[in-house]
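Two complexes are shown next, each including subunit A; its partner changes from subunit B in the first to subunit C in the second.
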Partner chain A sequence: MSKENVVLRVKRQDGPQSPARWEEFSVPRHAGANVLSVLMQVRENPVTASGQKTTPPAWDAACLEEVCGSCSMLVNGRARQACTALIETYSPNGEPITLEPFSKFPLVRDLVVDRSRMFESLKKVRAWIPIDGTYDLGPGPRMSQKTAEERYVMSTCMTCGCCLEVCPQVNTHSPFIGAAAISQARLFNAHPTGQLNESERLHALMEPGGVADCGKAGNCVQACPKEIPLTTSIAEMNREVTWKAVKDFFVRDSDDHEKKDAS
Partner chain B sequence: MSEERYAVVGGGLAGLMAVIKLAESGKNVDVFSIVPVKRSHSVCAQGGINGAVNTKGEGDSPDIHMYDTLRGGDFLAEQPPVRGMCHAAPGIIYLLDRMGVPFSRTSEGLLDFRRFGGTLFNRTAFAGATTGQQLLYALDEQVRRYEAEGRVRKFEYWEYLGFIQDDEGACRGVVAMDLKTMEIQSFPAEAVCMATGGPGIVFGRSTNSIINTGAAASSCYQQGAWYGNPEMIQIHPTAIPGEDKLRLMSESLRGEGGRVWVPSDGRAGLPPKGQPWYFLEERYPKYKNLVPRDVGSREIFDVVRNMGLGVDGQDAVYLDLTHLSAEVHKKVEGVLDIYEKFMGQDPRKVPMKIYPAMHYSMGGLWVDYEANARHDILPDSPRQQATNIPGLYAAGEVDYQYHGSNRLGANSLISCIYAGRVVGPAMIAYAKSRPEKRAAAALPSTVAEGATARWRERFEQIRAMSGAENPYRLGRELGDLMSERCLIVKENSKLEDGLKKLDVISDRWKSCNVLDTGRTMNQAASFVNALWGMIELGKAIMKGSLLRDESRGAHFKPAFALPKPKTHKPTDDPEWMAKWKERNDKWLRTTLAKHTPSGPEISFEPIRSLAVEKPILAPEPRYYE
Partner chain C sequence: MGVQQNQTQFLLRRLQSLTGIFPVGGYLCFHLFENLAALSGPERFNEIVHDIEKLAPLPYFYIIEWSLILIPLLIHSLLGMMIWFSGQPNPLAYPYRRNWLYTLQRWTGGIGFLFILSHFLQWRWAVLMRGTPITYADITRDLAGVPMLTWYLVGVLSLCFHFGNGLYGFCYSWGITVGKKSQRMMEYVGWGAFVATSIVAVNILVSLHLAGVAHG
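And then the complex of A and B:
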């Protein structure tokens, strides 16, 4: 091991149907480097450590400051954003660093996976405020700074997928929507206008793959790069859903009565 | 008629707002983005969004906001759109509030506002230290709602390549490439809006996201769209230097009381050796650390490069928040976290080391506007945000319109959302007024197929490039050259030489190696194509810089700077005022770049809203006490 170079071991796969392989790259080490800055060095000279010419590995990235959620991958097996994975932390003495794509999402190529199911889940839980229109209708509802702060933390969710990747209940065959979407349901239910659609969100969470599928492993909250209290969100939504189910039982009854009255 | 389909390229704040306006009017919209729209560069904005809501009893008003904006940009912007933006700003902030943005609040539960550079008012609404992220998410959520209803089709991981152009030169839709399969397709549209953001990566490293290549704007420019004020590039005074990116330390840090200093070397006029020298506070007693960005950047450059006072002999000065309370630190936590994550030091305890960095492009695709005699922007005019190409619109950082020669902090987010709000109705108005033969449904299939075929051929050529140049290394060289020649201080000899060097880079591009011939997510092929656009745009920036022989806002040429006025206020020095007027008569003009195969053709055009009998504001000297 030398401290002159950074060694990356990258799991490569040309496409979902292609076989996987490992490639090792070794590039000069710079102060303050992170996994993405090293991947940038690699594409400027895409040659493996053993001198083999290869294609530059494919990876997702945009903001490079952990706010866009693009560069999710497994760094030494840990689900995280690659931009903040500092070489100094992962390889203090020149240890090789392993990069792999997330395993719970369909692979596109190399380190890139398809996380569109997460955006679909946001549709399911109706993660939006149903405003009347974009016309000038004056200010929104007043809110305490405390509520604003609680909502803010939940609202920093980048849909990066770390919470799904580490969840034992999530895999390509399971319908569980995962912590991110559940927490978004809570975010919108916590808004005075969003609350008006509370029951739609709760109903979505009652469906198969909803909040009841959580196995309470608690991995999500550990993995979240934004330190969102995901387990608290899940617990709260669980409670709300239970209440809702009880209420529904009676309301459905009274609905039936109303219908009978009307007929 | 309801089958009308519009295209919006880019899903940042400007693009998403345009989508919402179109969808809200019952139109179908296709939105294209190289990344899922929720990951657009707008997430990076930290500090906030401006609107003169005046909740602090300071007597702020949209007109003062307009004055600050126009003067901040040294009067290079057309005035009616700026006025429209500033007057719409409070309503837009309320709209965002209604959409559920978790804005910071006062104790009464109202929106809180903070102070940003270039103004004396608390005018900036903010959501923690990630305002852009929060605003983008709010718009993203509204768009998702329309997507769930089937109004909006998202094409994420799709790259815009060019517009479909008919034989009359009109834009009839877009050609785009699926970045996962590299499949190229045409999408006819009634009208197209470019909302593709800024060109930071032309400068290699900047505060921008690495997807901000400017290649989409460059492609429009190469197809005949005019590019306005290319040389107006904003340098932000405070960023952390880095190998991969220059990470912004938001102006809000100074808004909340952060102070900039260097240790004095004890020379005459400075504090005793080793003591902090708060050079901005000393040189600008009124604005202090919140001078506009161009002024701040130049002062830091001066103290470091000319006076040799950089911290530890490096290109760095201190930005100090250690004296502020934990409560204040909490307000800007998101930014402080970035510093700590990347530098491994806690800025609550140790002053940060920062240096100016390329940040924003005031210049961009030229767009039109239409106002009445009272300077009101006409909401249903097809001319708003329209480029010179019929059917092609632009909104957001990609347009040249709102910030003149220098943008004020927190004014970009508002300009993006405002432009997006204006452009949607303008596109609809265009579709109503244009000749019927220009309807998307009337587009001859041969025209669309021809456009697709040309781009497919182009990518076949790129896939066959097997020369010796690594495109990423060439991109880095381009960035280094642009950063050295076109940022804080500009000199004509270096710009002339820079233009020659850009020609060499163009030639070298032809011997690039594509590195990858695959058909699944071939990022290198996409980059080789984008790099060509970056070089072409670089030439417009370099040439505009060369030909504008004056200093204005972010564009600073010491050889042509006006002398220092003899009086405290320049307006009291008639000799200076005469020189200032002479300069304005010659240079208070919009730079227009038109693409030709042999390089940009540059002209300086009158500012239309100043050519009228009674402009909204008569230009006045821009100075900050």
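And then the complex of A and C:
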């Protein structure tokens, strides 16, 4: 191990069906470097540590400041954003750093995965507020400062997928939508106008793969780079769907308006 | 939206969670409580076993046994196994406390199920076939051997853990404990329940084992 260089061990895969292989890169170390800046150095001169020419590893990135959620990958086996993975933290004495793509999403190439299932989940729980009309609907109801503060942290979710990657209940033989979408359902139900569609969101969470599939492992809240209280969101949605089920059963036809909407 | 609702899985998961506390968890506590009689010696133990068998006249005894104990237990276990196999435990990659508890909850459930099955076949079923009630002497003789005592300790302590940790899980799954503070409190309550039931269980088992050894 030398402190002059940064050693990256990258899991490479040319395409979804191609075999996986490991490649090691060694590039000069700079102060303040992070995993993405080192990947950029590798891209400038894609030669492995043993001197073989190769293709530059592919990865996703956009904002470089942990707000876009696109540089999700496994750094030393743990799900996180690569942009904030500092070389100084991971390799204080020149230890090699391993990079792998997320394992719970379809692989595109190298470190790039397809996270569109998260977008599908957001559509399932209607993670938006329908305010568009054919005429001006006027200002919405006021929101208390307290609600705004509670909602703020949930609104920072960047759909990075860390909570799904670490979740034992999210895997190929389970339809669980994961913590992110559940927390977004809570975010939009907590909005005075979004609350008008509360019923649809709760019903979506009662479908197969909904909130009841949570296994209470709590990894999501540990892995979330935005420190969103995901286990609180899940427990709160658990409470809401419990009440919803009780109301649906005892108060007959409570959802006639939903049925009319759909027909 | 909302027209074709498939809530079967949601309801089954809630049923699995509910049966774990009522009646299965409740019965675990009752069973430990009644077996405390073992600490009072052979006469008192045989008396209590007899009294419980005569608690309700015959058809009712079976109806209560099946509807309040065996069927809920089967529902809880079979649905629990489906939940177990729908997951992909990863405590080595992410060794957080609650992630270990997630994995342990599944393994203790599995071990507990096998233990209950063997326990039921050994005593309840054998008694039904034989027609005479279990006596203190039967049980002490059985538990005198160290392998059998070990199996009982493993099985019963698994169930005590599963019960304690399950209390936390129940309150989370039904949305009773939503905030971090209440979730942490419930975890302490769960550990407390685990320790309390474990002390009782170990006390009973060791006393039966020692009595068995003494009688050779």
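Going forward, the second predicted complex is superposed on the first by the 243 of 263 C-alpha atoms of A that agree within 3 Å, B and C clash if a C-alpha of one lies under 4 Å from a C-alpha of the other, contacts with A are read in each partner's own complex, and residues count from 1 in each chain.
Criterion: a contact is a pair of C-beta atoms (placed from the backbone, for glycine too) under 8 Å apart; a residue touches a chain by one contact, two chains touch by 3 or more.
For clarity, every value in this text was computed on a predicted model and none was experimentally measured.
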Request  = Quick one: on subunit A, after the overlay, do subunit B and subunit C clash, or do they fit? Just give me the call.
outcome  = fit
Request  = Determine, under the contact definition given at the top, whether A:166 touches first (subunit B), second (subunit C), both, or neither.
outcome  = second
Ask   = Now for A:22: first (subunit B), second (subunit C), both, or neither, which partner does it touch?
value = neither
Ask   = Once the shared chain is lined up, is A:138 touching subunit B (first), subunit C (second), both, or neither of them?
value = first
Query = A:215 contacts which: subunit B (first), subunit C (second), both, neither?
reply = second
Inquiry  = Going by the contact rule set out at the top, does A:199 touch subunit B (first), subunit C (second), both, or neither?
reply    = second
Request  = Spot which of subunit B and subunit C makes contact with more residues of subunit A, would you?
outcome  = B
Request  = Would you give the minimum C-alpha distance from subunit B to subunit C, in Å, for the three-chain superposition?
outcome  = 11
Request  = State which residues of subunit A lie in both footprints, the one left by subunit B and the one left by subunit C.
outcome  = 126
Request  = Report the residues of subunit A in contact with subunit B in the complex, numbered from low to high.
outcome  = 14-15, 30, 32-34, 36-37, 40, 43-46, 55-56, 58, 60-70, 83-84, 86, 88, 108-110, 112, 114-116, 119, 122-123, 126-131, 133-134, 136-140, 142-145, 148-149, 151-152, 155-156, 158-159, 188, 191, 193-194
Message = Which stretch or stretches of subunit B touch subunit A in the complex?
response = 20-21, 24, 35-36, 38-41, 43-44, 91, 94-95, 97-100, 102-112, 127-128, 130, 133-134, 137-138, 141-142, 144-145, 147-148, 156, 180, 209-211, 242-245, 247, 334, 338, 341-344, 421, 470, 472-473, 476, 515-516, 518, 520-521, 523-524
Query = Can you list the subunit C residues touching subunit A in their complex?
reply = 1-3, 5-11, 13-14, 83, 85-90, 93-94, 96, 98-99, 101-103, 168-169, 172-180, 183
Task = Within their complex, state which residues of subunit A touch subunit C.
result = 77-78, 126, 166, 168-169, 171, 173-174, 176, 199-200, 203-204, 206-208, 210, 212-219, 222-223, 229, 231-232, 234-242, 245, 255, 258-259, 261-263
